Amino acid sequence: MTYPTTLLPQLIEAVANAIDENAEAVAALDQAIGDGDHVINLQRGLAALLAQREELGLLTWSAAWQKMGMTLMSTVGGASGSLLGTLFLEMAKAAADQALDLKGFAVVFAQGVEAMKRRGKSEAGEKTMLDVLVPVAVYLQSDACTAAEGLTGVQAVAIAGVESTRAMLATKGRAAFLAERSVGHIDAGAKSCQLMICAISAVLSAAPT
Amino acid sequence: MTYPTTLLPQLIEAVANAIDENAEAVAALDQAIGDGDHVINLQRGLAALLAQREELGLLTWSAAWQKMGMTLMSTVGGASGSLLGTLFLEMAKAAADQALDLKGFAVVFAQGVEAMKRRGKSEAGEKTMLDVLVPVAVYLQSDACTAAEGLTGVQAVAIAGVESTRAMLATKGRAAFLAERSVGHIDAGAKSCQLMICAISAVLSAAPT
Amino acid sequence: MKKFLNATDTLLTESLGGFALAHADIIELSAPPYVIRRKQPKQVGKVALISGGGSGHEPLHTGLVGLGMLDAACPGQIFTSPTPDQMLAAAQAVDTGGGVLFIVKNYAGDVMNFEIAAELLDSPNATVLVNDDVAIPKSQSTGRRGVAGTLIVEKIVGAAAEQGADLAACKALGERVNQNTASMGVALSSCTVPALGNPTFTLGEQEMEMGVGIHGEHGRATLPLTTASAITAQLAAHIDDDLKPQANAQALLHINGFGATPLMELYLIYALAAEHWQQQGVNIVRSLVGNYTTSLDMAGCSITLTLLDDEMLRLWDAPVHTAQLRWGC
Amino acid sequence: MKKFLNATDTLLTESLGGFALAHADIIELSAPPYVIRRKQPKQVGKVALISGGGSGHEPLHTGLVGLGMLDAACPGQIFTSPTPDQMLAAAQAVDTGGGVLFIVKNYAGDVMNFEIAAELLDSPNATVLVNDDVAIPKSQSTGRRGVAGTLIVEKIVGAAAEQGADLAACKALGERVNQNTASMGVALSSCTVPALGNPTFTLGEQEMEMGVGIHGEHGRATLPLTTASAITAQLAAHIDDDLKPQANAQALLHINGFGATPLMELYLIYALAAEHWQQQGVNIVRSLVGNYTTSLDMAGCSITLTLLDDEMLRLWDAPVHTAQLRWGC
């Protein structure tokens, strides 16, 4: 099935709720191995998206992601703002104006994640949000990601991804300054991305076919 | 009996010990209604006197107090330093070069306290060291201060004086800034003066006649 | 609160040594009795401005020695007035015949120690007593404390002295600046005197101390912590009660940090205070924001308003070159 | 730790407003996206120096905008990198044809946001990356952090730009200053981010954090608190490992307070650090002591040594007029 942009208001609300409900936990993660600002940065960006959600729902995916990317880029700030902004702006470029099904989205999303890797000069295994986003991109493009199972499977992949950051030594972002002391803590950006992916998947799962 | 200046080393040691033994308590008083420095200021001055004690013991009372006054004036600092320095310098002026008995000392001491009042523009009842020194000066000059009883009586007067500061409203010194909040606390300068007077009296009581 | 130190009884001496090294171009530290004196050349016969007080308020006063401001500062032990021998040594060092003006903050110890020095000083001298703190009622028997306004007196009189004003004129000017200056402070914490090792008093997580001085002692009242707007309004109201600034008056607005409050918060207070006086039609023509008259590591700040006539404004703007204030050169 | 504020989400905006009011003679605050830009006239075609970063480090960078230093500073949220639209607005506002030099502290967010802006910027531009912190091993995959040395880069390059140096020369100079600068910090407490409400990490009464950055995070190690001499020796040793200052080298010694450490203690550290390098025959020719690159209300300080050649020394001495640094005018 293809997903229309009219889902965007609901998607944004779901993501914002998921972040709000877990705000203290995410803040604590960035406090433990960062500077404590990750979740409020995200919430600021999500508030801006919420304010735009109705108009976003009237655009194409490409135009919507372009607008969302610009919004996130100019409101979130920090490492996560530049990376999330990059993700959406790249997806906007990759999307053209077609309708999107899960496979189509997988291609676009993978391009977005590649753009994040270039921007952050980073890859999976460095204890960042990429440790959720890369496995998710891989999964979405794999055969295991079927129309029936994909939206459930991707949540499991995201959760496994965030959990995998716990044991990692950080080699990117602020946590890298802590060297060995970063081990044993989940990465904040990975956690917030997992929450966002799970919220999005839940909405899409419930979307009328 | 007259008291020789050869008692000075012992007197200074006794005063320094008395202050050291009660240092925390006196510090706490100046912390409660002041800025916390009174006892370390005193200890600095007493350390300087200790360093001079042998040579002081060779001088006349007048010369010794002159030297002690200058030392205290230049090492203690703060309100108490200027006042204690003033006390000793005035006693030096008043003493001339005679030998001193208790009555002679009482006259000299009373002049010293008057000089302190002029310097501090203060008098008894304002919750300061004067609330020990003024009653002591009055007692020493009174008939109740006999050769036999005086050195014991003066300690009781000093103790009563310091206790009397507890209920007073401070109208001089830093404690006055606290207005009613100064009530219920003993004044630090009064306490240190009481300790010093008691230590001095004890030494003089035990002095060979 | 923890500190960088080797020993509490060498902290001051070591720190003064570091200060003298860091600013050797403009000041020098004497041998004991300690005086920080100006090095830059000056007109012979210029009035020599001398101030001082307990340490722990840095940069006041040592950081304000130099061209256009103090000729010398006498640093006492932490929170302890300097002693007359320091002021006499200072006068000896910096008086070139124009006489000495002592600028003294109104605390018993400072007043008495400076008075003793003034009495012992042979040469012509005068004293300006600074008592800008309006937290204390005017009728208080000790008089009001000298706090953040002291710097303003030192700057304006410093400029006048640099320009050749004589001793009487400098004293009159200093008293005029003092009369036209009002300050009030609030603390979110006390400070820790190194020798005591613990904060002088403690506040709860939702408490603030209104009307504090700069020695870590309690203020007029412990109150529930409230918004910056409400705090500013309270401080400003006390200042207005005292100064009664008129519409169209020119003023200097000085937000002074007590040591541990981030500059960001000081500028917030500036914004709120400036708005308060703007609404009254007072013309804030000059500003000074930062840690100038501190209380060791106290969290808090004070607001100071000085009503400036044209002469005072010109003198505030005149060149100054000290460790802490520098403009026009 | 308690704070002066009305609301955490208006703190920055209100504070920037106060800053702009207080320094309206030399800077102005744009409408959002926020930029603080220089007001003083400048030579057309001068290289426009733009820096910025998260707020919470005041006076860095907004306090360093003005003649002889930054043309603009882009303030992000507390500890959060500014966004590309701010840097683009800044470039639009201050580039007069000589191109833009971005001075960027080496943190992932700062680097990425400034890079995106640089890529979107039509006009000629270059970037100097500042990474003076030697607490982190050189081999660290993120590279080292930019800390208190950033101000030194901004001052020296700012002077060169003011004197007409072109974009390539400014960039080369900035990189040279950065290469010759090494810093390391130690904290006695973390800081409290307003939105979190509690210190980012806690230390015991006998603990210090060695090798901290300026965002309240843990450093390289939590160690027992020791003497100022021992602390200084540790910090200096790391700096020496990196810079390897030679005898007779000229240097600038900068003791930077993180926000809550009294100036008296900073001068103590200065004394100890100056003695360390004097013993090595290094010639400390310039000093800077105070709170310049803070971390909100963190107690602690950093030592920065910059090896100065004659050109760098002349440029350090060149006139500057910002809210925080002013000399020669």
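Going in written order, the chains are labelled A, B, C and D, and every chain counts its residues from 1.
Keep in mind that, in the parts below, a contact is a pair of C-beta atoms (placed from the backbone, for glycine too) under 8 Å apart; a residue touches a chain by one contact, two chains touch by 3 or more.
By chain, with names taken from UniProt: A, B = Dihydroxyacetone kinase subunit L; C, D = Dihydroxyacetone kinase subunit DhaK.
What you see is a predicted model; the values in this text were computed from it and never measured.
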Furthest chain, CA centroid comparison against chain D: B
Whole-Å gap between the CA centroids of chain A and chain D: 32
Intercentroid distance (Cα basis), chain C paired with chain A, Å: 54
Chain centre separation (chain C, chain D; CA means) in Å: 28
Residues of chain D engaged with two or more neighbouring chains: 78
Contacts with two or more other chains, residues of chain A listed in rising order: none
Arrangement of touching chains [line / ring / star / complete / other]: line
Listing of all chain pairs that touch each other, if any do: A-D, B-C, C-D
In the complex with chain C, residue positions of chain D that touch it: 1-6, 11-12, 14-19, 21-23, 55-56, 58-59, 63, 78, 188-189, 203, 205, 208, 225, 227-229, 231, 253, 259-265, 267-272, 274, 284, 287, 289, 291, 294, 296-297, 299, 301, 326-329
Residue numbers on chain C that touch chain B, as the complex places them: 33, 54, 76-85, 107-109, 112-113, 115-116, 136, 140-142, 145, 193, 195-196, 200-201, 213, 215-218, 220
Residues of chain A that touch chain D when the two form their complex: 27, 31, 33-37, 40-41, 44, 73-83, 85-86, 119-120, 126, 171-174, 176-179, 181
